[in-house]
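These notes concern the structure reproduced below.
Naming follows writing order (A, B and C), and every chain is counted from residue 1.
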Amino acid sequence: MKEKLAQMFQSKNRSRTLSFGLVIIAYIVLEVLLLTGNLSSLFTSLLVPVCCYIVAAIGLNLNVGISGELNLGQGGFMSVGAFVAVCVSGVLSYSIPSPIIRLIASILCGAIAAGVIGALIGIPVLKLQGDYLAIVTLAFGQIIKSIINNLYIGYDKNGFQMSFVENKLALAEGGKALLSGPMGATGTDRIATFTFGVILVLLSLLIVYNLMYSRNGRAIMAARDNRIAAESVGINVANTKMLAFVTSAMLAGAAGALYALNYATLAPSKFDFNLSILILVYVVLGGLGNMTGTIIATTVLVLLPELLRSLQDYRMLIYAIILIVIMLVTNNEFLKEKFSKLRLGKKGAMK
Amino acid sequence: MSEENRTPILEVTDLGIDFGGLTAVNNLDLTIYENETVGLIGPNGAGKTTVFNLLTKVYEPTRGEIWLCGENTHKMTTVQVNKAGIARTFQNIRLFMNLSVLDNVKTGMHNEHSYSVADAILRLPKYKKEEAEIDEKARELLKIFGLEDKAEYIAGSLPYGEQRRLEIARALATSPKLLLLDEPAAGMNPQETEELMDMIRKIRDQFHIAILLIEHDMKLVMGICERITVLNYGAMLATGTPEEIQANPQVIKAYLGE
Amino acid sequence: MEILSYLINGLGLGSVYAIIALGYTMVYGIAKMLNFAHGDIIMVGAYLSFFAMTRFQLPVIVSVALAVLGCTILGVVVERLAYKPLRQATSLSVLITAIGVSYFLQNSAQLLWSSSTKVYPTIISNGAIKIGSLSISYLSILTILVCILVMTCLTLFVNKTKTGQAMRACAEDKGAAQLMGINVNHIISITFAIGSGLAAIAAVLLCAAYPSVSPTLGSMPGIKAFTAAVFGGIGSIPGAFLGGILLGVIETLTKAYISTQLSDAIVFAVLIIVLLIKPAGLLGKKVSEKV
C-alpha cells in the first residue's frame, strides 16, 4: 500500500495523480454545494458544459501538445458527436427507457462517428508533411457545419427519413424530427448529468495518460520531436499521428454528444470555427501536453466571461485583453528567466 | 576467413542519385559483411551522407540496387528498412529532445513488442510484462554507453558528447544488423574519441553487427575500420584496407589537392 | 451567356478575396505567422469608410483613402504591440495572440459602434454594361480593375524597389537578411502596413457588393481569403491572386448551379482536394527538410 502510494507521487506519475485528484476533489466539493443548495443556478447550468469542454480540450491537447499537429476543427468533431448522439438517443427513446443506458450508447456512437470521420480525414492528410492538418481541419469544420445546417432527419414507425437542403420529411403519427436543418436538434431528452460528465472527464484522462506512457505514446512524441529520426528507428509516423488524431476526434465526439444531450434544443451554428479556436485557446493556455493545466484553463476560461458578467458589455473585451496579455507575459524572455530561476530555487530547497 | 565464406549483410551495386541535373552519387558499389567495420570517407561534399540517406531510403535512388541480407530494398520505406535491419545516427544530432534519455532508447524498441493500444489503455498484463522487458533492456543499453545515471534527464539537456552516445544507443535499440554512424566523433576531444573507438569495437562484438561509418577523424577511421571506401564528387575513388587507402596516390591527391 | 455573366461576377468576388489573400500571404511569407486578425482589419476598414461617408459626408475617394490610412496605422500598431514581442515565441503562441487581437477588435467595434447592422451607402451605380444578353455590373468591372491595379503595383513594388527586394530577402531567410544590414523589424512593419491597407480597399469593395456593416463582417471573408491564400500556395503573391480569383469563381458558380446553402461546403471541399493533390498549393514551393 505504502509502495503504491509512493509510486503515485513519482515524477512521472505526479501529473497523473494531480489531474485525477483535482477532478475528484472538485466533483465532491461541487456535489456538496449542489446538495446544500449553495450553487447559483448559473453555475449549476455550467457544470455539464464545463465537463464537455474539458473532455474536448484534453483530446485536443493530445493532438496539439503530444502529437504536435495543429487542429482547427475540434468543434467540427464535437458537432458530429453531438448530432449523431441526438439521433441515437431519439431513436432509442422508443425502445430503451433507462436514460443512463441511452446516454452511454449515444455518447459511444457519437465518439465512434467522430473517430471514423477523423480517420477518413487523417488517412490522406497525415501522410503530408507540414501544417496541412490545421488547414484541412479548418475546412472540415466549415463543411460539417454547412452539411448539418442542411440536414433533415426524422424517425417514425417505418424507420428513418432523411432529406438534404429542403425539409421533405413526411413523418407518420408518433414520429419525431431529429434534425431540422439550421434549427438543429429540437425536443432532445435532457439526459446528461454532471456525474456522468465527471466520469467522462476521468475516462478521457485515463485514456490519454495511459496512451502517453505506452510504446504508442512514446512513438507519438518521438514523431513530434523529430519526424526523420522517428522513421529511422522504425516508427510509422503517419500511423502514430493518426492514432493521436483519431483518439482526439473521438474524445471531441464524446464531448459533443454529452453537450447535445444537456440541452433540449441545439443549433449546428453552436459548433463553429470560434468554438474550435476557443478550445485551442484552453489547450495553449493550459500548457501543451499538460492535462492538469488544460482542466484548470478550461474551467477558468469558461467561467471567466460569466464572472465578468457584472462588467456587461466590456466582458468579452476584457477577455480578449487577458488572452493577449497572458501570451505576452508567458513569452517574455525576461520574465521567463526570472521564473525559471524561481523554480530552480525551489528544486534546490527540496534537496 | 576468405571473403566467399562470409555472409554479406549489405550489397550495393551501381548506386546513384541525381538532384535535378546534379549527380550527387554515382556508380557506388559496396559490400559489407557480418561483424565488419567499414569506413566511408571523402572530402566535404563528396556525397557520404547522401549514401546514408539512400541506404535508409530517406532519398529514393535514381539508379542501382541495394540488397539487405539478400532482400532487395527498392520497394521499402525508411521504416521498413529499419525493420529489415539498418539503423543509423545523424550528422546533425536528431534525438527526441523533449523525451527522457530512457524514453529515447525505448522508442528504438517500438517494433520489438506487440502490445496493442487497448492493452496500454486498459493496462492489461501483456502491457505490464512487455513494458518491464523494455525498461530492462533500455537500461542495459544505457549502461553500455555510460548514461545509466542520466536515464530520467531530458535528452535535450545532455552535453553534446552524451547526445551522440545516446543516439547510438537508440539506434542499437532497434536491434539492427547494420549500424550506420554519421560522424560519430564530430565535436569530441581526443580522449572522448578514444573512448568512442573502444565503444564501437565493443558494441560490434557484443551485438555481432556490421558497422558503416562516416568520419573525418582519420585516426579513428584507420584505427577501427577493416576496409575503407573513399568517395570523391559522388563517385567511388578507391576501396581497400586502411594501409592500401593510405598509400593510394589518388586518395592523397583528392585530400590534399594537386 | 448566362454562365459568362456568372463567371464575371465570380471574377469580381474573387478579386476581393484576392486582395484580402494578398495580406495573409505577405504576412505569412515574411513574419511566418497566420494573422487571424486580418479579417477584423477588413471590418474596421468598412466602419471607417462607412462613417466617413455617412456621418462626415466625405466624397467616396476621400473616405476610401481615410479607411486605408486608418487600417494601415492600425495594422502597424497591432504588430508593434501584440506580435513584435513574440518574435522568438512558438507559432502557436502567436496564433493565439492573433485570435486575442481578433476578439479585441470585434468587441471594441461592438462597444463603439453597436452590434446592429448598418446599411452601407451606394458608392457605385447599380447599372450594368449590356452586350447582347450579357450584362456586366459596373461594380464587377471596378472590382476587377482595382484588383489588377493592386496586383500590378504590388508586383512592381516587390520586384523593382529596394524595400521590395529587402522583403523578398526577409521571406527567404530573416537571419541572413539581418546580416546583410536589412532592418527586419522595419520590413515586417511595412508588410503589415501594406496588408492592412489592402484590407481596407477590400472592405470598401466588399461592402459595395454586400452593403451591410457589422462587427463580425470580416470573419467569413477572412477565413475564405485565408483559404484562397493556402489554395494558391501560402507565401506566394501570384498564388494568392490566383487562389482568390479561383475561389470567387468556384463559389459563384456553385451558388448558381448547385446550391446556395452548400456553396461553403463545396468551396472548402475543393480546397481539401487541391491540397491533397498539390500539397504546397497551386503556386507554392515545396520545401523539403535537409537530412
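In the analysis below, contacts are C-beta pairs under 8 Å (C-beta built on N, C-alpha and C of every residue); 3 or more make two chains touch, one makes a residue touch a chain.
These numbers come from a predicted model, not from an experiment.
Participant: Compare the CA centroid of chain C with every other chain's and tell me the farthest one.
Facilitator: B
Participant: Look at the interfaces A-C and B-C and say which one is made up of more C-beta pairs in contact.
Facilitator: A-C
Participant: Between chain A and chain B, what is the separation of their C-alpha centroids in Å?
Facilitator: Averaging C-alpha atoms per chain gives centres 42 Å apart.
Participant: State, to the nearest whole Å, the distance from the C-alpha centre of chain A to the C-alpha centre of chain C.
Facilitator: Inter-chain centre distance comes to 32 Å.
Participant: Using CA atom averages as chain centres, what separation in Å is found between chain B and chain C?
Facilitator: Centre separation, chain B to chain C: 49 Å.
Participant: Could you tell me which residues belong to chain B and also touch two or more other chains?
Facilitator: 58, 90, in rising order.
Participant: If you look at chain C, which of its residues touch at least two other chains?
Facilitator: Residues 291 of chain C touch two or more partner chains.
Participant: Where in chain A do residues touch at least two different other chains?
Facilitator: Residue numbers touching two or more other chains: 228.
Participant: Which part of chain A faces chain C closely enough to touch in the complex?
Facilitator: Of all residues in chain A, those touching chain C are 64, 70, 124-125, 128-130, 132, 135-136, 138-140, 142-143, 146-147, 149-150, 165, 227-228, 273, 277, 280-281, 284-285, 288, 313-314, 316-317, 319-321, 323-324, 327-328, 330-333.
Participant: For the complex, give me every residue of chain B touching chain C.
Facilitator: 49, 53, 58, 90
Participant: Residues of chain B touching chain A in their complex?
Facilitator: Against chain A, chain B makes touches at 56, 58, 77-79, 82-83, 87-88, 90, 94-99, 103-104, 106-111, 113, 115, 117, 120-123, 127, 130-131, 134, 152, 170-171, 173-174.
Participant: Touching chain B in the complex: which residues of chain C?
Facilitator: 291
Participant: Tell me, which parts of chain A touch chain B in their complex?
Facilitator: Those residues of chain A that touch chain B are 11, 206-207, 210-211, 213-219, 221-222, 224-226, 228-236, 243.
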